[in-house]
Amino acid sequence: MNKITIGVIGAGRIGKIHADNLLRHPHARIAAISDLYAGAELEAWAAERGIGLLAQDSAEIINHPEIDAVFICSSTDTHVPLIKQAAQAGKHIFCEKPISMDIGQTEEALAAVRQAGVKLQVGFNRRFDHNFRRVREHVAGGAIGEPHIIKITSRDPGPPPKEYIERSGGLFMDMAIHDFDMARYVSGSEVVEVYAQGSVLIDPVFAECGDIDTALITLRFANGALGVIDNSRRAVYGYDQRVEVFGSKGSVATANDHPNTAVISTAEGIAYDKPLHFFLERYAQAYVEEAQQFIDSLLSGAPVPVSGEDGLQAERIALAAKLSCKLQRAVKLSELDELRREYAPI
Amino acid sequence: MNKITIGVIGAGRIGKIHADNLLRHPHARIAAISDLYAGAELEAWAAERGIGLLAQDSAEIINHPEIDAVFICSSTDTHVPLIKQAAQAGKHIFCEKPISMDIGQTEEALAAVRQAGVKLQVGFNRRFDHNFRRVREHVAGGAIGEPHIIKITSRDPGPPPKEYIERSGGLFMDMAIHDFDMARYVSGSEVVEVYAQGSVLIDPVFAECGDIDTALITLRFANGALGVIDNSRRAVYGYDQRVEVFGSKGSVATANDHPNTAVISTAEGIAYDKPLHFFLERYAQAYVEEAQQFIDSLLSGAPVPVSGEDGLQAERIALAAKLSCKLQRAVKLSELDELRREYAPI
Amino acid sequence: MNKITIGVIGAGRIGKIHADNLLRHPHARIAAISDLYAGAELEAWAAERGIGLLAQDSAEIINHPEIDAVFICSSTDTHVPLIKQAAQAGKHIFCEKPISMDIGQTEEALAAVRQAGVKLQVGFNRRFDHNFRRVREHVAGGAIGEPHIIKITSRDPGPPPKEYIERSGGLFMDMAIHDFDMARYVSGSEVVEVYAQGSVLIDPVFAECGDIDTALITLRFANGALGVIDNSRRAVYGYDQRVEVFGSKGSVATANDHPNTAVISTAEGIAYDKPLHFFLERYAQAYVEEAQQFIDSLLSGAPVPVSGEDGLQAERIALAAKLSCKLQRAVKLSELDELRREYAPI
Amino acid sequence: MNKITIGVIGAGRIGKIHADNLLRHPHARIAAISDLYAGAELEAWAAERGIGLLAQDSAEIINHPEIDAVFICSSTDTHVPLIKQAAQAGKHIFCEKPISMDIGQTEEALAAVRQAGVKLQVGFNRRFDHNFRRVREHVAGGAIGEPHIIKITSRDPGPPPKEYIERSGGLFMDMAIHDFDMARYVSGSEVVEVYAQGSVLIDPVFAECGDIDTALITLRFANGALGVIDNSRRAVYGYDQRVEVFGSKGSVATANDHPNTAVISTAEGIAYDKPLHFFLERYAQAYVEEAQQFIDSLLSGAPVPVSGEDGLQAERIALAAKLSCKLQRAVKLSELDELRREYAPI
């Protein structure tokens, strides 16, 4: 097989990005795309791209005989059933994060994938960012020695609408989950304990939804290293995405990406432009690369770069953070299953 | 017309870049491509991209009834005849820089374009770079007041092979010509005098070819501003492309682009990665944008962003620089035509 | 009074720095200096500076009729008795940090100061650093709105000797106490809760001394803001001292100071020199300014810039951190007095 | 001799700076200071510092039996006669730049110094700046290989008053002379040719005084390297002092010094404070070090770090620049003596 045939499930913003990136990949082609709300606009969009089939029902994708792999880009609550169906149909799977908001269900999905022997890659796109990948390279190459302190800053330029907040699963599962994966990725170590603090400092709507808008999460890693993530739903100066790993032989740290390097000096001071606006701009190339590596691993038989297990671990940390914030104490990952039973549903 | 049909003449490195960028443009399609050395490899390349016609003879492009515009990406000595032919055939023209190495011939080509009433855009891609465009915006918007001093650093990561040097037209016409256009672009003013100094400090092969490898060129602008360009054929740390404009109300300056923002701190010091390697990496997006704006101006009827006149002016400055270096004195642009007669051929 | 007469108690490294700074102050003069180990070397040192009296017994300073104010630079265990004696003798007091390692004793010292009506300034020199002061100015001026997240990085270039560690009071009281004061200073808010995690990752000698070498401390402030301090006893690339305050209208962040701005670019990469080595280099000017402001407030009658209460609050946070690390739970400042009784001595 | 006794001639701004720095030097003492306009204010100033003698007549300094060395900080026109007198009296000499505005007179002064066997250091303070010294170290250590291009930016925050301009000797002799010395210092090579362009772009008062306010000067060095200096009398964003040396193995470049490292990010953009205001702030430490090294070389017998010959060479380059600007052609240093005769007085 030297060309992978893809079906895309869900043609929202992220589904379209994946589709456009796949269309430019020399070894991928898109046979079909499905969306519950498929209409005239989407038809035009698909036609312009020469995508042969536009369906409302995802089953048409999953049962399509030519399709080798599916990209699941629909809403989070559909991920688990779609993964199970696709796995049973023998399709490889790329699934957007998180797999689900319920660890039990995520485990079921992973079991179905294992049983079917298909591949599953989870959409932690930030692992493919040029900055964070360079951090990982330095850490993995031993340049900073043993990691001691991991610091992740992750702040959005502005809060989502109320309807989004209500269904998001909360800051830890929706926003910080990327950072939990990043913590594992750059450190190369597992998280064993979480202590999370949250505040509502930006907009009372978060409190109304039982959510928070500002968080500080500390992590303890298996190797004794300590980590901290700070999240905000609104950095007025733009998307703030930075990582620092400090270790026995030094540190590596990244700055934000900016649209240009121009520095203007006037009588008022020295200034430059704000960071790239949001994730679509900042991670544009990372989306290209994650799709490419998924295709590459299907072609070469190599393991996918972000596994279902990676998806599960990030969800477990997110749940531990949620519980820690609720219980106002540190939560060990080893006590998570017991706490899940005690506090279910959470 | 809402889709422009393009023919590409010359399928070397730069022709292929333009072709790939045009293929992704929603309002452009490539009907044909020609190359003197068209063979099996190029056929495969064209087939993979669905380009219908691959010709050896550029006349097939120019006389192709469906083609609206041509991209001239062949060797510099073919530019002028191809521009004349394309203009006569009523095709719009995108031509790589320089139009020619002979100002008289360039003027003839521009006359043919004017007479035919077609559009001609010259490939000064750096005008579309995100950094330099931001400099131009700041200057044009008045943020730094009247420009007083313009500084351009332009250094290649390594010298070209001898065969290239021999036919390049020399550092001023081949390399600095981009910087002459940049000087006009960022300052918004015309150059009236040039003083150029050259040295052979990197490789004696440049002297053997009657060329130089290091240059310092000072410019005087119509508004009294002063400019300086420094060129080197070998910056061992990578492609060095920076601009600074200093004026009555401040300055704006750019830094190089780097592949990532990671900074590593160890017992040895603080370090980061070298700049993006060379023009293909640094100006990848600028090539996309110059093609896009060419297509856009054909569709909208707006003027092209870089005119044939812009091409001519840069060549005139390059010739003045060449003469200044030879005569070891400043050369006024106003005396150029006289000097051309006296020192022809130069 | 337009010249303050000073007596310095303790002629170790920090006592000598204060003395040299005071000698350059136009409105200060040093009448006497005392040190338990006063000998020939110190005599020469004092003579070279024209300091009239060198004593072994600090009582000679405290009872000296000409002396207006004392600088207490002796070991921490002597601070409280010396403050009490100096206050009773009617001398103004500058005392190095911490006042003591026992909050009860610190409170007694402050009571003596209040009763005597003298002034007491505590040596939190970092408040006078050009970088952190600028952060405070931006926050106090409203430039970043309400603070939401405060981040402090504070890492030493290398660990102290074992003898120092044993008597230091531990990382929280010895090293992080500066950062606790910084957190209050830059945020303009009080800390209400502390959660501290510690590890021994650098040298087992810390564990032998019942101490830690790496810490991550999270703070909750009265206004709902969250803070984090990360400490390490060994940053191999040098002294790392940075602060960031993120708020509703933006953020302000500082970088380290370096000995020069030279950036060297070679075929290997881009590099620059490590930060200023340690506190003597980094805070040289801050020491000058704290002494100057102390003298100024004695002359003008204005309040001292860092009060005894500031010293006490930092100690209370340090104790809460120590207890949090021991109890492995967050500790509220409001429960501190009860916990002190329960866990005394800690 | 382990303490040098100094007399300071000229108690203007720069004379006072040197005096205060010398007063803090452990191996220097000031016996006397002279100023034509010595009055009550200066008396108080000297008394406060314990300087025993304040004279109007510089002869009292030069003939003072205890004085080992003089600092000549009076107006430029007095430098040559004072150097001759001091040399005859057997005093070592520190003289502010330039020695004179007449190369013939400077040569006479140097001859007198040679004959008397005393030492003469010229006040090119920028050689002692932490940034430029680091550049020199990198170049001298071979880190960038052979220098190919030297770039110096030197812009003042604002123009001096008309009275100063009239007597300044012009931009090349007054302002750029520092940069001519810097070019020799960082490159380690001699200048052999100068081409200078000047404009009046800031204030017509410069034209009224026969001077310019903006200059671009190109240099050719003995080793074939090329250099460029850009000067402006008004950078509204503050004192702009940068150097870059580019060579066969890389480059080294400096940025400006800023009063702090705080970066503020808001909805408007990212900003930081302007550079240190002017030479008193930027070169405060450099003044300390040049005086210290002068004292050190008197004590140790080592050569002074900036010789009279260095002063002369910078003046010769300044004169060549002045002639180049007037004649509108490049001027070789080897033709300078002939041109001086032809165009005297210039």
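Chains here go by letter, A, B, C and D, matching the order in which they are written, and residues are numbered from 1 within each.
Just so it is clear, contacts are C-beta pairs under 8 Å (C-beta built on N, C-alpha and C of every residue); 3 or more make two chains touch, one makes a residue touch a chain.
Here the structure is a predicted model, which is why all the values come from computation and not from measurement.
*Asks:* Using direct touches as single steps, what is the fewest number of steps from chain B over to chain D?
*Replies:* 1
*Asks:* Compute the centre of every chain as the mean of its C-alpha atoms, then state which one is farthest from the centre of chain A.
*Replies:* It is D whose centre lies farthest from that of chain A.
*Asks:* So how far apart, in whole Å, are chain A and chain B when each is placed at the average of its C-alpha atoms?
*Replies:* Result: the chain centres lie 41 Å from each other.
*Asks:* Quick one: report the Å distance separating chain A from chain D, using the average Cα coordinate of each chain.
*Replies:* 59
*Asks:* Based only on mean CA positions, could you tell me how far chain A sits from chain C in angstrom?
*Replies:* 42
*Asks:* Multi-chain contacts only, two chains or more: what residues does chain D have there?
*Replies:* 235-237, 249-251, 265-267, 273
*Asks:* Per the contact definition, I'd like the list of chain B residues that touch chain C in the complex.
*Replies:* It comes out as residues 235-238, 265-267, 269-274.
*Asks:* With touch defined as at the start, can you tell me which chain C residues reach chain A in the complex?
*Replies:* Listed in rising order, the residues of chain C that touch chain A are 146, 148-149, 151, 155, 195, 197, 199-202, 214-216, 218, 220, 224-228, 230, 232, 234-237, 240, 246, 248-251, 328-330.
*Asks:* Using the touch definition up top, name the residues of chain D that touch chain C in the complex.
*Replies:* Touching chain C: residues 24, 26, 48, 130-131, 133-135, 138, 143-144, 249-257, 259-267, 273 of chain D.
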